[in-house]
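Okay, here's the structure, questions in a sec.
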Amino acid sequence: MMTVSYSWLMALSAAIFTIGVAGVLIRRNIFVMFMSIELMLNAVNLAFVTMARRMGSMDGQVIVFFVMTVAAAEAAVGLAIIISIFRNRETVNADELKLMRW
Amino acid sequence: MPVGVFIFLGVVAIISSLGVVLQRSPIHCLLALIMTLVSIGALFLALDAVTVGFLQIIVYVGAIMVLFLFVIWLLNLQADEAPTGGLGLKFFATIAVAAMAAELFIFFSKTRGAMEAANVAPGYGSIDSLAQSLFGQYLMAFESTSILLLVAVIGAVAIARRTIPQRERGPTKGTPTR
Amino acid sequence: MAIDLLIGAVKAIVILLLVLNLSAVLLWFERKGSALIQDRVGANRANIFGVGQRLGMPNLGLMNTLMADPLKLFTKEDFVPDGADRFLHSLGPFLALFPVLIAFAVVPIGDTFELGGHTVQLQAATINAGALYILATIGIGVYGVAIGGWASNNRWALLGGVRATAQMISYEIAMGLAIISIVITYGTLDLQSIVQQQGGVWFGWLPCWGIFLQPVAFIMLLTAGMAESKRVPFDLPEGESELIAGYFTEYSGGKQAAFMLTDFAEVVLAAVLVTLFFFGGWQVPWLYSDGFHFGAHSLLLPRALVVILGVVAFWIKVVAFCWLQILIRWTMPRFRYDQLMTLGWKGLVPLGLLNVLVTAFVVVLASGAAH
Amino acid sequence: MTTVHFPALGLILLFPALGFLFNLFYGARWGRRWVNVVGPGVIFAAFAVVFVSFIRLLTLPAGSVLTVTLWRWIQAGPFHANFTLQMDALSALMTLIVTGVGALIHVYSVGYMAHDDDFARFFAYLNLFELSMLILVLADNLVLMFMGWEGVGLCSYLLISFWYTNPAFAYAGRKAFVANRVGDAGFLLGMFTIVATLGSHGSWTLNFGGIQSHLALFTTQTATIATLLLLVGATGKSAQIPLYVWLPDAMAGPTPVSALIHAATMVTAGVYMIARLHFLFALAPTTMELVATIGAVTAIYAGSIALVQPDIKKVLAYSTISQLGYMFLGVGVGAFTAGVFHLMTHAFFKALLFLCAGSVMHSLDGEQDMFKMGGLRSKIPITYATMLIATLAISALPPFAGFFSKDQILESVYNSGHHGLWILGIITAAMTSFYMFRLIFLTFYGESRVEEAKAHHIHESPSVMTTPLIILAVLSIIGGWIGLPEHVLWGNKLSAFLAPSVGEFTPIMHGSALMLTAVSLSLALLGIIAAWYFYLVAPGMPYLIAYQLKAGYNLLLNKYYVDELYNLIITRPLFWLSTLVLGRVIDAFIIDGIVDGAGLMVETGGQLSRRIETGNVQQYAFVYVLGVLAIVAYYLYLVTH
């Protein structure tokens, strides 16, 4: 029976990661950009778990665990920031949020 | 894991992640993201990372994504209008992303070895083995993440709380209202 | 190989049907039960050609619950309001029902037994992290109501969805804490082994049920379970007097049926969890793998009978707890929303944390005493 | 000639320094009582230390030196100058004068500044001046001496323009500063010449001892150049022709300042420096001639101006210049002891004169015009008595202090063969007695010409002011007795004491000395009688003469128009040069051009580079991604090769 080789999983994670990058670069909606970042995080998680599986060590999974925790914190703070931005500027369009410029 | 399972989950993951990027309505994007997360979690399970897989679903899908959902509701985000301008950036960004994809594929295609059930110890990925690492080697990191979460919560509240002047807040509890 | 697949399929279908039917029956229970409580007659009309009377049976109105209502519901027009998101609107109900149903996959409804050289687990899926699995499915279950409420393009529905989501998340935490304390107590995530550890007796007569080990967790799990099922006293998401029907205001026909089914399935799930964790699952008091033993007296039974007894006992317990929930539903008033949140966040969560802490201490001390 | 390590010398500097810091930072806050105690107190402490060191020095064989190296100061290649203090006979005398007279003047200032709100700053400056002056006289090398030299110049500037709200005073301060700068430039160049000369022979030093031991390295020519340059510095500091112009204006400062800095101590720095470097000057006869000439001319020149000045302090100022001329004359003819002796006595009676003038002004609400005084004899008796003593002293009447010192100078001038200069000297002596008694008669005799507003509350100064007067008066009487002529009683103790450090004083035969003394004495008396006749017997006479000799009178009254001359040939051209050429052209175009250009460059650079900051998150992310691409590519390269 044919089994999956790790390179496939890594390729999958690479694909998801690049899709996430594309989302961050192309979407104008900071909210969707934020989601794309989560996408990238999960792609990395997948890579970690794959490699952990390959090396038969738990460290990769532990790191994934920490990534989840940090992602939770990041989501909380990031969403709070988005909310306050929306309150002040009534928009989530990255193009209209250009205050920090010359 | 069986090839079929991998192909199924992989396809689902890629399609739904594309959905995250390509759809207009934030809530559709969110659902697509949830789909991706679930399929990735399933992949974790298939990779013998049982605990982490379920945690992925419980934490990400069950908690974080709900937070996103609430924010969508709170801001009442509608579908984006047709994107205007910035096409040059989009163009170059697409090229850059393609280049990155190429690089990463070349890079990861160098990963060798195939999944045999043999090369993991029994109980690999179970909650005790995870706990062994968490509360052994990574204890300090684990504890500091708790502090991180606390700080994040406080920060989130501090940032998102709307400060309402007293007069708008109306009569507070205990003050007679007439 | 093939036979294993067959057995698996059979188990899955059987359990699914059991759950669905039980949910349906619960509806009837509810009607009659509420009638009893409120001193009404309750459902008593539908009657197929008067067969019942001919046989001299009392008209229990079973028909209009089990057949007329489903017929009516599934033949009604599937109405989607204007400006609603069609896709999500139809996705919602099944997104709500699906997780609850798959949650039952890991539930052990009976002891393992040998059948033609095959070890049969009376458990659709033997996942050794069953508890986590259940939590995961419950976590996914949030989205059904949320999406349903949002996609209806109706502010009552949206409010209901928001309420439902917030409520379910809040009480998921309490439920999770309760389950964690159980897991700590039994040292495993595998539901089957949790149940097996509840076999036997203490002091020669007291069944080793979890209720005696984790009374606090029992209260919490029951409360959280009822909250998850969004029924009185936790029915704010669909409080008729406030939001017409909450998140399924805009639903009709099959989709509404799906939502209602979800509610009842959640009731069953809560009952099942309570049974599994605190009342020995399929364990019958004083019944061992070879028969009853009570002190010196013993009554030996064939293995098959023992297993069947276990299965029956399990479902009896489940039905009992469903009945308990229905009683509670029809006897208690509705919370106010702030009371709900206060109970969840200031009552159950701290209590659960404390419980986990104490449990952990006790377990560590006990294991220390063990060796 | 033994050298003794004597750390106590450090204390001499320490006390004024502490006083300076205290008055500067806490004086105003802690209040007048503290300042009044600390300000003079530290000087008295310094005086005590000086006295002790002086006694120590006396116990040692003649020509010994007390020294202490506080720290290594300048270290530049082979050259090094340490912060070393040394006290030989000359320094001892100077420090005694500086701290002693200084202490008395501090005490006097307590009374004089009693009504000024800025007392703390005043005492801070005074203490700082004491510190600088002590450094100047205790320094064992030219560099350190120059530091003190500059310090006193600075304090002089600060104190002249002490009442800086008055533009005229501020201008006077600036004038003094600039004039001193010119002198200091000469001093510096002189130092450089010495260093170059010695250094070219490989001995890098500016220690007095070092210079003295390497005198062989100097040719007459180099010595002349060096000394001429140093002389410029001396004339600047000691207000000699041509750089004397600042001193009269320096009277703008508070009178104690005029007494301490512009009469007793600082202005004598030039004389001290020449005496200190006598061995070098001795190598340059030309310079010595010049010094003597300058001294004599300045003496008679300033004296002549003093004859007609109406302002009491101006008279004293010009008399100071003239007396300094005497000292230059003395050292110029090689009578260093005589010069220093006159320096000492002059410090006593000129300080006293200024303090008395201050007391007079104090009693008349700052009136300075002598023609608005008169008849004060009975109203302020102590001031009158002490001022009379000082006047007799400066008029060189025996047995007062001035007599002996001036007499020695004139004797040595005559004996050194400069008969022309000697004649100038005795004429100046006559002038001196004339204008001094003119001052006395105008101020204290005759009927009162005081304005009504001030007339009714004329009062004697408080004892805190009069006590120093009395002490200084005593000193003005007996101060000269340590330098009696040879063979008289105990003879000339002073020159015996000073001789090792400033060279031998050549005693002369007694006979001619008496003759010379008689001549100068008779001239002095003549001056007094003239003054008495002009201003008491026939008060109309001066006006008549002034009317008859209008031209000459105005010439004197306007100080020979020297200020105007300097204005015309130096100040005005400099002013035009700096405003028109330097200001409008070089500063406006070149310097501002450079500065603005730098600014413009940065600004344009910013203008261009800020375009990068579009504030567009995705653009930043894009650049970031490019970076990631580069890094990953690098690792790919590593992996594949």
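For reference, chains read A, B, C and D in written order, and residue numbers begin at 1 within each chain.
Following the convention adopted for this analysis, a contact is a pair of C-beta atoms (placed from the backbone, for glycine too) under 8 Å apart; a residue touches a chain by one contact, two chains touch by 3 or more.
For clarity, every value in this text was computed on a predicted model and none was experimentally measured.
A.B. asks: Using only Cα atoms to place each chain's centre, name the chain farthest from subunit B.
C.D. replies: In terms of C-alpha centroids, the chain at the greatest distance from subunit B is D.
A.B. asks: Report the inter-centroid distance (CA atoms only) between subunit B and subunit C in whole Å.
C.D. replies: Those two chain centres are 29 Å apart.
A.B. asks: At what distance in angstrom does the C-alpha mean of subunit D lie from that of subunit C?
C.D. replies: Result: the chain centres lie 108 Å from each other.
A.B. asks: Quick check: how many Å separate the C-alpha centres of subunit B and subunit D?
C.D. replies: Computed value for the inter-centroid distance: 85 Å.
A.B. asks: So what's the Cα centroid distance for subunit A and subunit C, whole Å?
C.D. replies: Centre separation, subunit A to subunit C: 35 Å.
A.B. asks: Could you tell me which residues belong to subunit B and also touch two or more other chains?
C.D. replies: Residue numbers touching two or more other chains: 51, 55, 63, 86, 89, 93, 96-97, 100, 104, 107, 110.
A.B. asks: Scan subunit A for residues touching two or more other chains and write them down.
C.D. replies: Correct list: 21, 25-26, 28, 95.
A.B. asks: Could you tell me which residues belong to subunit D and also touch two or more other chains?
C.D. replies: Within subunit D, residues 616, 618, 622, 625 contact more than one other chain.
A.B. asks: Using the touch rule from the top of the page, what pairs of chains touch, sorted by label?
C.D. replies: Taking the chains two at a time, the touching pairs are A-B, A-D, B-C, B-D.
A.B. asks: Which of the residues in subunit B come into contact with subunit A in the complex?
C.D. replies: Result: residues 1-3, 6, 10, 13-14, 17-18, 20-21, 26, 29-30, 33, 36-37, 40, 43-44, 47-49, 51-52, 55-56, 59-60, 63-64, 67-68, 71-72, 74-75, 77, 80, 83, 85-86, 89-90, 93-94, 96-97, 100-101, 104-105, 107-116, 119-121, 124-125, 129-130, 132-134, 137-138, 141-142, 145, 148-149, 151-153, 155-157, 159-160, 162 of subunit B touch subunit A.
A.B. asks: List the residues on subunit B that touch subunit C in their complex, please.
C.D. replies: Of all residues in subunit B, those touching subunit C are 25, 27-28, 31, 34, 38, 41, 50-51, 54-55, 57-58, 61-63, 66, 69-70, 73, 126-127.
A.B. asks: For a test of understanding, state which residues of subunit D touch subunit A in their complex under the given definition.
C.D. replies: 610-611, 613-618, 621-622, 625
A.B. asks: If we count contacts the way the header does, which residues on subunit D are in touch with subunit B in the complex?
C.D. replies: It comes out as residues 616, 618-619, 622, 625-626, 628-629, 632-633, 635-636, 639.
A.B. asks: Which residues of subunit C touch subunit B once you look at their complex with the stated criterion?
C.D. replies: Subunit C reaches subunit B through residues 85, 88, 127-129, 132-133, 135-136, 138-140, 142-143, 146-147, 150, 158, 162, 165-166, 169, 172, 176, 189.
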